[in-house]
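Structures are listed in the sections that come next.
Across the two complexes that follow, subunit A remains constant while its partner is subunit B and subsequently subunit C.
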Partner chain A sequence: MLKFLAKGLVRDRSRSFFPILIIAAGVMLTVIFYSWLNGYINMLIEDNARFDTGHVKIVTRAYNELIDQKPYDLAMMNVGHRIETLSRDYPQIQWQPRIYFGGILDVPDENKETLKQGKVAGLGVNLLNSNFERDILNLEQAIKQGKMPSKLGEILISRDIAEKLGIQINDEVTMFGSTMYGSITMQNFIVSGIVVFGVQILDKGAVIIDISDVRKFLDMEDSASEILGFIPKYNEAATYQISAEFNEQNSDPTEEFSEIMIPLKDQGQMAFMINVIDQRMGMFIFIFIFVMSLVLWNSGLMNGIRRYGEIGVRLAIGESKGHIYRSLILESIIIGITATIIGTGIGLIFAFMLQHYGINISSFMKDAEVIMNSTMRAQITPSCYVIGFIPGVFASIIGACFAGIGIYRRNTAQLFKELET
Partner chain B sequence: MRILQTIMLFLFCNSVFAKYPDGNMILKQIDENMYAKSMISTSQMLIHSRRGSRTMTLKSWTEGNTKSFSEYLAPPKDAGTKMLKLDDKLWIYNPAADRTIQISGHMLRQSMMGSDISYEDMMEENEISKIYSAETVNEVVYKERNCWVLELTANTDATAYHTRKVLIDKEKMLPLKEERYGKSGKLLKTTEILEVMKVGNRWYPKRMIFKDVLKQGEGTEFVIDEIQLDVEIHESRFSKAALRK
Partner chain C sequence: MKENFIEIKHVKKEYPMGTNKFVALKDIDLNFSEGEFTGIVGPSGSGKTTLLNIIGSLDSQSEGEVIVLGYEVADLSSSKSARMRSENIGFIFQTYNLLPVYTVFENVEFPLLLLRINKNERIKLVTEALKWVGLLDKIKSRPSQISGGECQRVAIARAIVKKPKLVLADEPTANLDADNSHNILKTMKKINEETGTTFIFATHDAKVIKYLKRKITLLDGSVAKDELVNGG
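Up next, the complex of A and B:
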């Protein structure tokens, strides 16, 4: 039966060409859009994890209340001991202390007075004692001029701030800010490198300093504003499980400086953004199924008129209406599968190009306040190979189901009369 | 009939408001009491934050409205930090970095040494009558002292607080309690004089508390240990060179 129907579709191309074209185009767009959103979500998660959220994050409860302001005066103390415990309890996770702080970067003149100054967002990470942060922040690739800090007293600054303040490699600059306890603090640094992350919010004014220097600068001995945990491969369920376990053992809601672990998805707007993207994807597929069904229904009706005689003869020689209806649906399944394979193939080619080359969206992100790479890329995952079957096959079947209803309206008694004309 | 009613209402209102003295005159009297041509003081700042309390000692030299110089004497971590205010400019010197940095723009709104006092507060004109217009709106008894209630409105947009509500001790001409509001009408800061002292023929606050309402913590206590008014201060004190000495 299948073979018979397939032969009919190949030999009578007017039955299959238009529906295949429509479905393949729809499936192609679905695959491109799906892989694009995949890439976007993945980029959003990984960029945020690397620069801000980790896969899980530990902070004090007081800090968490004002987390958007990064209030390092409410930071954790005895961090060394805490990291030792965490590494023992969760050896699969890499734990990294970080200090986020704001300050003024001041460029002195020959009298050691202010020549130029600008607001910066400082990040204190372990640069000198381990390669983990260098790798996760992609620092080696981000350095566009100069080199990584090799000793205390050296810093990396973003290209925008270097250009704005006219800073060159090996220039001496002063960081000015407030200590954890509020006192005025200043510390001189040598600029060892200029970095570009491709993330607008960081490129606007980031300063990266070894955490030991930041601790000295902000009077935060053995303290850190946040401890970030990185799982080898992000797994949402695992982050929730680990956080729940940790909080049950260590977090006391009545003690403002007790620690709390927060999974990535519960930080900032992450849950909202990921959910919105998922909803958009569902909506997109639904719209495609709906529109394509309408088009294919219409195409089925046209086919019904063209195949009026054929269906009449089949009914006249005794084929039941139900059998003809089922054969039309079977035909639509064959068309749907064929078109989906073609559409998925073409869609994957475009998705691969988007994955490889990406699209630079930096011009849309000049004032962006979210951590997001300025090159958007698609990401091909195993689900991209099958996602097209949902709109492709469904639309084809739904179209055929509606168009085929006409068969039941044919009056058998009139058939020979109709065929004579 | 309606005209008569209006006239009566006008006379009534006039008589009600006339029972309080002119607010601007009261401001001038406050300035006459508190404003000295020059001043040298040693004081302590007790900062009560969420992490605990700490005390800082500083010595200040002030001349007129435009010149002031402060040096932090304790704790050891902060000793040697100096601040110089000349007109609307502020410089800070840090001995550890051996650097002088000018503070400007939004940085002036930041807290000074983690206290509830901002650099902007420190930069403010000493003679309050020059920057605010006042209206006396009531009289109350506050902590057994008879006080005028004044509502102050800033004459320019350059001031840190657009309006203030102040309780003035009628006898000592000191602002015993104050609420400072932003342009939106939001309460930003409160101050209260907890103890007063007599310096020559003037009354001065001995101990007062500042509270930044937008900050958690119990506020910053400011205690004047020593004060000399109308003393000669050498011009070199108010120079950038003095910061690095």
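Up next, the complex of A and C:
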């Protein structure tokens, strides 16, 4: 019987072509949208991990209370030793100390007097002793002019602040700030490179300095405001498990300078944002199923009217209403699966192109306050291959179920009479 | 020959027409025996098709009793009456009503699929039925590729392929020319005589009447005459 129905579908294009076209188009959009959101979430996670959160982050409990203010006066001490023990206890994780700080960048004139000044967000990372931070921050690609700092006293600055303050490569600039203990501090740096991360909030006003220089500048010997942990491949469950274990052993709620490990998703608004995105995806799929069901219901009704003759004959020959109804649903499953395969294939082609080339959205992100790459890309994951089956097959079946109710609502004699008209 | 193959007792059929009722059949009393080749004749609107549909359990009477092959038609559920039709009754229609997307072979095969008959047996039965109607050379054709007469022969093959006890034919020659009508009727007569299949026609075609053994004349929903003809 299945073969018989399949033959009918293949030969009667009006029975299969339109529904397949509609479902395939919808599935294609679902796959593109889903892979796009995948890419967006992944980009959001990775960009935040690279620049701010790590996959896990260790700070003092006191620091964590005010973490939005990056209060480096509440930083961890003896960080060198701490990283050694962390590397021993969690060898699968790369641990990196960082210091986030704010300051004023002063550009002097030829008389060494202030020519221009601008607020900057400073990032102290390990630039000189290891390549890890260079790689994770993608600095080689981010440097648009100049070169990586090769010795102490060199600084990278972001393009926008360089343009705003008229800074050139090899210019000497002065950083003003306050030490960990609250004293005013200043230090001269030579601009070795100008960077563009493609992340608006960083490109607006960031400076990157080797952490040794920052420690000296802020009087934070062997300290770090945060220790970021990076696992080779982000795994949300693993970050929660590691954090729970760590906090069980190391975190004392009564001791404000005891350490606390925070998984990426619990930092800032990440959990909220990811949940909102997941909800949007769920809503999109629901709306898709609903709208497609309405379209396919209508299509099924039109098709059903066209097929009353066939249904009448089948009743007369001895097929029961239930069997006819089930066969219509079986047809819809065949149509749904076929259309989903086609739609998924086409959707994946577009998703691949979006993954490869991406779309530049920097013009929409001039005032963005979140760390997000200005080139949005899709990401094809194994779930992209199957996500379309949910709306594709469901919409087809629901459409057929609604349309087929007409068979039950008309009595046999009526259907049979329509056969003769 | 089995008596009381079909029993129709005091059957009345009414259709609602606005606030009134249209009476299609009035107090019909008829019996049919196995192997009959009977025509229900009469002008349009006399109730022939309605009576045929009730016998075929496609419709139900408003009053009275209809027993077909031992089943009280009014008592059958939708699925049971479908099963009875599937196992015992073949239908032939004025407009052939072949499934247009399927080939001649597949159209004839369809009733056997419903009976879940295995593939080898289906091939044997379909071939046999098409041989009866002389269409073995058209098995791969679609209905749109054959003539009206050939379509009706396919419809006959589809009706007889499952070897039903009863074939109900509603105006089977109405859309055919004289030659095709005679060919069709000869085929059905031959099947009736050689297999003992009961044929009941609804017709007002004089050509059909020449082949009948029994002629039941309906007028305004009542049996006006019930007679054996042509030596029946």
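By our rule, the second predicted complex is superposed on the first by the 408 of 421 C-alpha atoms of A that agree within 3 Å, B and C clash if a C-alpha of one lies under 4 Å from a C-alpha of the other, contacts with A are read in each partner's own complex, and residues count from 1 in each chain.
In the analysis below, contacts are C-beta pairs under 8 Å (C-beta built on N, C-alpha and C of every residue); 3 or more make two chains touch, one makes a residue touch a chain.
Only a predicted model underlies this, so the values are computations on that prediction, with no experimental measurement involved.
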Subunit B versus subunit C as contact partner of A:Pro108, first or second or both or neither: first
Subunit B versus subunit C as contact partner of A:Ser212, first or second or both or neither: neither
Please indicate which partner A:Met186 is in contact with in the superposed arrangement: first for subunit B, second for subunit C, both, or neither. first
Looking at A:Asn250 after the superposition, I want to know if it touches subunit B, subunit C, both of them or none. Which is it: first, second, both, neither? neither
Have a look at where A:Gln117 lands relative to subunit B and subunit C in the superposition and call it first, second, both or neither. first
For a test of understanding, state which residues of subunit B touch subunit A in their complex under the given definition. 47, 49-51, 54, 56, 77-78, 81, 91-92, 94, 96-102, 106-107, 110-111, 113-115, 240
As the complex stands, subunit A meets subunit C at residues 1, 4, 7-8, 11-12, 309-310, 312-323, 412-413, 416, 419-420
Residue set of subunit C touching subunit A in the complex reads 53, 56, 58-60, 78-79, 81-87, 89, 91, 93-95, 97-102, 106, 110-111, 113-114, 158
So, in the complex, the side of subunit A touching subunit B is made of residues 62, 73-74, 104, 106, 108, 112-114, 117, 119, 174, 176, 178-188, 219, 256
